[in-house]
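This report concerns only the one structure given below.
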Amino acid sequence: MAGTTPLLEVDNLHIAVQVADGFREVVRGVSLRADHGNALGLVGESGSGKTLTTSAIVRILPAAARITDGQVRLNGEDLTHASARRVAAIRGKEISLVVQDSLASLNPIMRVGKQVCEPLLLHHLVNRKRAASRAADMLRSLGLPDPARLTQGYPHEFSGGMRQRAMIATALIASPQLIIADEPTTALDATVQAQILDILARLNRDMGVALILISHDLAVVSEICDHIGVMYAGRIVETGSSRAILGQPMHPYTQALVESVPMSGLPRGSRLKAIPGEPPSIEAFPSGCPFSTRCRHATNICRQKEPELTARNEGRVACWHAEEIANGAGSRLAAVQTITAASIEGADPPVPRQPPEELLRVESITRHYRVPSAWPFLPPLHIHALDEVSLTVRRGETLGIAGETGCGKSTLANCLLRLADVDSGRILFRGHDITNIRGEELRRLRRYIQPIFQDPYGSLNPRQRVRSLVAEALTSHGTPAAERENRVIEVLQFVGLGAHFADKFPHELSGGQRQRVGIGRAIAINPELIIADEPVSALDVSVQAQVINLFMDLQRRFALTLIFISHDLRVVRHLSSHVAIMFLGKVIEYGPAEAVCTTPLHPYTAALLSSVPGISHDPSTGRLILRGDPPSPTSPPSGCRFRTRCPYAAATCAEVAPELQRHENGRMVACHFPGIASEFIGSGEGLGGRHQSVVAARQA
Amino acid sequence: MITYVSRRLGLLVPILVGITFITFMVSRAIPTDPVVAALGQQAADHPNIVAAYRAQWGLNESLLIQYLIYMKNLFHGNLGQSIYTHRPVAEDLLSYMPATIELAGFTILLSVFISVPLGVLAAVKRGTVVDLLVRLLTLIGVAMPIFWLALAGLELFYFHMGIVPGPGRLSPLLNPPPRVTGLFTIDSLLARQWGTFNNALAHLILPSLILATWTAGTLTRMTRTSMLAVLPQGYLNTARSKGASELYTILRHALPNALIPVVTIVGLVFGDLLTGVILIETLFSWPGIGRYAYEAAIYADFPAIIGITLVFGVTYSLVNLGVDVVYARLDPRIRTAMALGRR
Amino acid sequence: MGPVAAAEGRRAIAARGLSKLGQVARRDPQLAVSVVVLVLAAAAILGAGFLTSTSPSAQDVFHRLQPPNWAHPFGTDQLGRDVLARVLYGGRISLPAAVVVVLFGASVGTMLGMLAGYGGRTIDEVVMRVTDVVLAFPVLVLAMAVSAALGASLVNGIIALSAVWWPSYVRVCRGMIMELRERQFVVAARAAGRSSLNVLSRVILPNVIPALLVMAFVDVGRAILDFSILSFLGLGIRPPAPEWGSMVATGVEVMDQWWVATFPGLAILVVVFAFNLLGDSVRDALDPWVSGRR
Amino acid sequence: MKQDNRRLGKRQYSLPGAQPSRREFLQHSAVATALTSLMSSAVAGATSAQAAQPKKLDTLVVAVQEGDTRTIDPDDADELTVPIFLRAIYDQMVTFPGSIVTRVVPDFANKWEVSSDGLTYVFALNPNIKFSNGKPATPEDVIFSYNRQRYLKGPASWFQDGVKSIEKTGTHEITIKLNSINVDWLFLLTSPFLSIESAEMVKAHGGTGAQSAAATDTAVAWLDQHSAGSGPFILDGWQHGSQLTVSRNPYYWGKPAPFDRVVFRFVEEATVQRDLLVRGDVQFAMNLSPDIAASLQGQRNIGVLDVPSLATVWLGINVNLNPALKHPKTWEAIKYAIDYDGMAQLYKGGGKPIASCLPPGLPNALPIDERIKQDLSRAKAALAAAGYPNGFPMVLTYASGQLYYNVPASLIATYVQENLNRVGIKVNLRPVPSTEELTEIRAGKLEAFIHEWGLDYVGWTDVLPLFAPGGHVAGPRQNWYPNYSRDAQKIADLAKEATMTLDPKKQQTLCWEAQRLMNEVGPFAWLFEPYIQIGYRTDVVKSVSTNPVWYVDVGTVELV
């Protein structure tokens, strides 16, 4: 370590942020190093200070934040005290930034090409014309098929994946030595996320650019980083090689993070090791070890004194009990593997002799949205949100619905909830046709079907107290007041909120608490079916695990029938007995969860599975990385809608739309070549090579 | 875009019909005898003149028929005769319009030149004394009774200090330039009459400054708000991360984005401006539609009032249409939405 | 949700609003200033009888146009009336008139906006077309026309302004309802089994009204200004009632006697300014939504 | 000739009014005040001027309200704002000697004879008069002008109503016959609406004097921008809302003006006119409000001319509407409750008290010391006699925004209201637009109103008979007819007899008697006669002739 000057060295960085009554230190002594060819991952939940830290490197801090101590050195030069002009000269040229939200990060009214080549012009590296051609080259090299069109277009005209590539192109164009990628894939679909991670990995590997990758998702970081730092409450609490962090986490927080992700290895329905509580708010870090309030190992010393980051084994950790924990926990990886083995053998749900009653039956419903154009008097756009979707849900089942943005899963939820009308088809609930019921009849139906929404902020009326929110359905269906109050308390306690929460307003609650209220509201009236639309995707990782556990408690305790919608196949798989995979308004595969996730029949399912960033992934194996982005739902491709992205598409795919057909074991798939991709998934090495050759062949 | 514009123009028709209908009905609600009002006393004593007039405007018919007749005449460019000026309303409107356009246009220009820098400054220096000052000033501007400000301004700057010319569009000693557009500044430039140009410009300054206290107040506030909304945007940090200086970031990335919503406000501000024009033109002897409107209201000159509401309504609608078009030109997102919509 | 819960909600909103206001006042001197000014103005207007013993309509033509002095701190006007008394008593006309105009405009506008936003496409089309027509009217010209047609008087001036005051509320209210309709918590309320009328009145409206109230607040200032313009043009009020705009108008004739126009002009400026300041602060504090008023 | 001269009670900027003559000054007339004050200030200016470098002025600028000026065609115009312009560019058959309006002097006509029956007038035309195209004037031009006015059927065509025939009876002689006696007919001929234009020039631009003129004449537009007259100036052009410009007529038969051009600059606000005047940007400000005029008195280099308007502002009562106002005693209460002297504080130099409907400047006016003065005890007694000891409510209508010349109607009305309130009469003021007020007055629908009566031409016959019971004003507007009472019948008879009486002495006796009786029993309270107050630069203007009709005759301006 000593001797050579590292490319970037962050030394004991402190950052304070102005809050209501003064400054609060939110980054407290962070030290980092990054070197050519290295990839450093920073992991932490919201408020951990990871973004502030990296912003401080290039000195682009929010107005309220100040660097109070420490240094950032680039090739030995202190950037924290350099002139603004000097820092500007370094930005974009030596250090580039790729951030999360590509739509917000691109100037909406400037052509993409101009934005991509702006660093060249700002640093006077080449002339205008040359810069433009360099921009096109760069975009092409990132695998964008038609760079000329992209450079002439505006950001909103392109998909998230293309925009993110444009951002990367911008970061790369002046050949910087270091790229800082801050949650570069967070808002992207799984298949696109895989593409972007692939690009970043190659940059680092092949071009030797130093990389700092920031994410809340340990899995994502572990995909490409050789070194990982875990941040909590403004400090790095553990750092070490990826392998060590994942395999032998020493800090209880790291451990919990590793365990709170529902990975493919965990048996379905097993409880996740969720961290209790929520990440501390910057307004008030706990005293002593900030994690002590959530730590099951915490002792008095933890609550009194904050541990230093000290070297241990290969890495460094800041925990009073690191040694015991590391020893006690043993190799988690091994444990996981054994569990996996066990679960695969015995995981198949006990097939009931007598299939339970059909609770919900959906018969080829179709829903086309008319989206009014942004301007008045122009014809509306038609979005093929749902196209002849059929499903059956039996009592007690949990049906998981997975798919990417725009696949129609939320529309499906709204149609089933009868919050949206269908254009054709039938919906039967307990044998009754509820497709077109209205008024009082519809209102009565609500008693039996309840929703849980994604956005814990938007779905609670800010003007209602928790009590009245939870009691809403009860009130609407005439439950007497006394009974109502009892039920509210009961429900609140069940979802893990005390009775005293009844008097709070939503804005007084944290995200996790809100989502618990959302769940409590849904179960208060004892519905027969709950439809949950992305209920955990807006939550922090550790909180997400708590809520998933809550869902499992629900299933167990109330024998609920649940439709669980998520873009995250990990979560779906963990919770569901059955899964339906949707693509562009169609269900393309359906079947028992475990079967679908282990032996996907549809190439798209395979690709989704393959793109899940798995901690246990062996970076050397290839992945099925799909080309491009999902096609527009306003004009779906002919034939099989997946064919434009399918590595296996044949001529017939363009002509004939495959029907959803029965397969063995109650599985269904809509593909002309079912199982064509699943060969690879199960059979270990060698797959990657073949995938890549197939992909390469198609792309050529 | 063309279809869009023509659709919007098509929508003007019901608006105009609505405007004329309402004003027409209001005008018939007053006890004034339209014959006496329009023809004057002498003519009102001559039965055949009265009869001819009643026939022309269908005064013996029902109100609805009268309205239809009015619309028919309107369609032929006949807006009736002003009770106050005794001239055809259409002719009056045409002769007064350029003065108002010149004043309003200059005011808008002036407001934009004042507001944008002020608004940007206040937003960038948010929370500082500069910001506070700008906000106070703009609030005062918005709250100012401009009829009072106009009087005080004339008294002070013209009468006592003599640093601006007096009321009117041009010094009485100068002849107006040969009429091309009717805007003295432009016409004098076209005719290369520099003295006249300077004089016309000098006459514009005080009235438009006073008018601009309103519009600039609103615009500055909007610019500030809009700029504050843009400043935290990610793409500014992107620009900085590319190595852009703060000034470059503000001017090239933040400002263009911040100005887009401001453009739509210009359309709204224009409505206020029409109100202000009535007061300012009256106080500044500015021979425009505003003063005409004032006289018309004082004399319940309804033929003129209908004409003025029409002109104001059309102008307001057209300006807002123009604003929307400019808005679309400026914001590629809207453009795309329109293109998609057409398909 | 039953009436109890609704009442709770309302009380909660009020409590929240108040505590929020309290916080803001501490942090926001701007708010404090505006409140103090308005309270002083209200006190002066209500207590006009204590502040001056002169009647606002008592004439003394032999002491007309006197500059400010001890007997007449604001001087006298053309008819020898005490300008101070007229300014004070004038507030009793200007302020209530503006409040009535805004109340009327806001309630009519809100009702129409609710109809348009929640009543289906046809109603929406009809309401919005009518609104467009009125919006396309130059406010003052229409008010002038109405006033000219009905004759100048306090009531007619109020009618004239009210007639043009509602469209902006229709737009804002409709826009907010349209947006709220799609919000998840409203969808959730429907899913909970509320009837659509119940959703409108208990879920949507409580979220619309605070924003409209803030808007109405700012509008009182505007209404004072517009009413004074109408009076200035001789269309708002009948003599000899004192009204600030008409007082400035009479002052126009005698600009040399600056006090005749200046004091009522200042009164307008101060009160309208305070209302704007107040609206500004409250808007910032309570609801960022209203700023997108269009 | 029963015309409201004020078509619609416009803002009274310009009224036909008293006037000035071009060259002749008399010191004896009641109207001479204006002139005298002008002369004295002019003299003062000249003597004390320490010869402040008489800078050469080639453009005279006059700030004036454009008002309702619709056309400058003398045969079509009738608006009260126009005479000042017409007088600058046209001549009339006869005119007034300066400010004197009690007799006429030659203008287009050198001399004239009236037949003993008063029906035939023979005019000898001045052979030296040339039009602005250099051609001499002929009787045909007169005939053309009068016929064109008659047949255009414009609002001013009634001027020709009394004319039976016009004939050329010599190279420079013309004979006009009337239908009936009009003791004021020569006065009528002074009106600028009876200007004489060149037949040749007007015909060349589409004008015609034929019977079909209303349909075929197309010269009006041309005459709006050009002139065809013989006055001291030629019309250069007229821009609505901006200005009207005239320049010196090279063929003018009289004394040429000492400057090249006159710009009539349209300025509607009195304060602005004042500002322009004080700053020296204009030499005349035609529409000063009384307070402004007062503030200008004694200012360096500024003079103010007070010109009587010959108009009458009165409070009229409809004897038929409000039950309380049906009683002549309540009229008396109103008449005696008003503080006329206090009112003088309001209108200052912008008015003078009057003793009856005839302003003092007109022949046969009741002597001013016979006017009614406030007498509260008499007013209260009258109220008690009428059975309303505690007063009664009434509605008083006036035209909002109107100025009686430069005195705001609302000021007067508010004052009257307060005066009447003092004796218990609860007056509810009702300001309405002037159009509406006029409509309602004409229809006899207003129980009480304040209104202004201006002259169509200078003559007592345009006033007194109209206010007599059953007259154009008293009858339809106030429902006061001769059969109302014996006194009413008597007044009507007196007035009628006066118009038939040629002997001035007897005429005056009859008129005075009628006026006295009206003051006793009539439903009128005479408020005041408005004055036009004109500001001018004494450092530039030495003298000018003023007049109730055209206010300032720019052709008579003499420079310092």
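Going in written order, the chains are labelled A, B, C and D, and every chain counts its residues from 1.
We take it that a residue touches a chain if its C-beta (ideal position, glycine included) is under 8 Å from a C-beta of that chain, and two chains touch if they have at least 3 such contacts.
As the structure is a computational prediction, the values presented were derived from the model and not from experiment.
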Which of A-C and B-C has more C-beta pairs touching across its chains: B-C
Cα-centroid distance, chain A relative to chain C, in whole angstrom: 49
Length of the line joining the C-alpha centres of chain A and chain D, rounded to whole Å: 90
Chain B-chain C separation of Cα centroids, rounded to whole Å: 24
Intercentroid distance (Cα basis), chain B paired with chain A, Å: 52
Interface hub residues of chain A, defined as touching at least two other chains: none
Shared interface positions of chain C, touching two or more other chains: 148, 234-235, 252, 255
Chain B residues counted as touching two or more neighbouring chains: 11, 30, 151, 154-155, 283, 298, 300
In contact (per the touch rule at the top): chain pairs: A-B, A-C, B-C, B-D, C-D
In the complex, chain B residues that touch chain A: 3-4, 7-8, 11, 232-235, 237-246, 248, 253, 256-257, 260, 324, 328, 330-334, 336-338, 340-342
Residue ranges of chain D touching chain C (in the complex, touch as defined): 269-271, 289, 291-292, 295, 339, 342-343, 345-346, 400-401, 408, 410-411, 413-415, 417-418, 429-433, 436
Residue ranges of chain A touching chain C (in the complex, touch as defined): 414, 417, 419, 443-444, 446-447, 449-451, 453-455, 458-465, 467-468, 471-473, 475-477, 481, 505, 518, 521
Footprint of chain C on chain B - complex, ascending: 11, 14-15, 18-19, 22-23, 26-27, 29-30, 135, 139-140, 142-145, 147-149, 151-152, 154-155, 225, 264, 268, 271, 274-275, 278-279, 283, 293-294, 297-298, 300, 302, 305, 308-309, 312-313, 316-317
Footprint of chain B on chain C - complex, ascending: 129-130, 132-134, 136-142, 144-150, 221, 225-226, 228-229, 232-235, 245, 248-249, 251-252, 255, 258, 261-262, 265, 268-269, 272-273, 275-277, 280, 291, 294
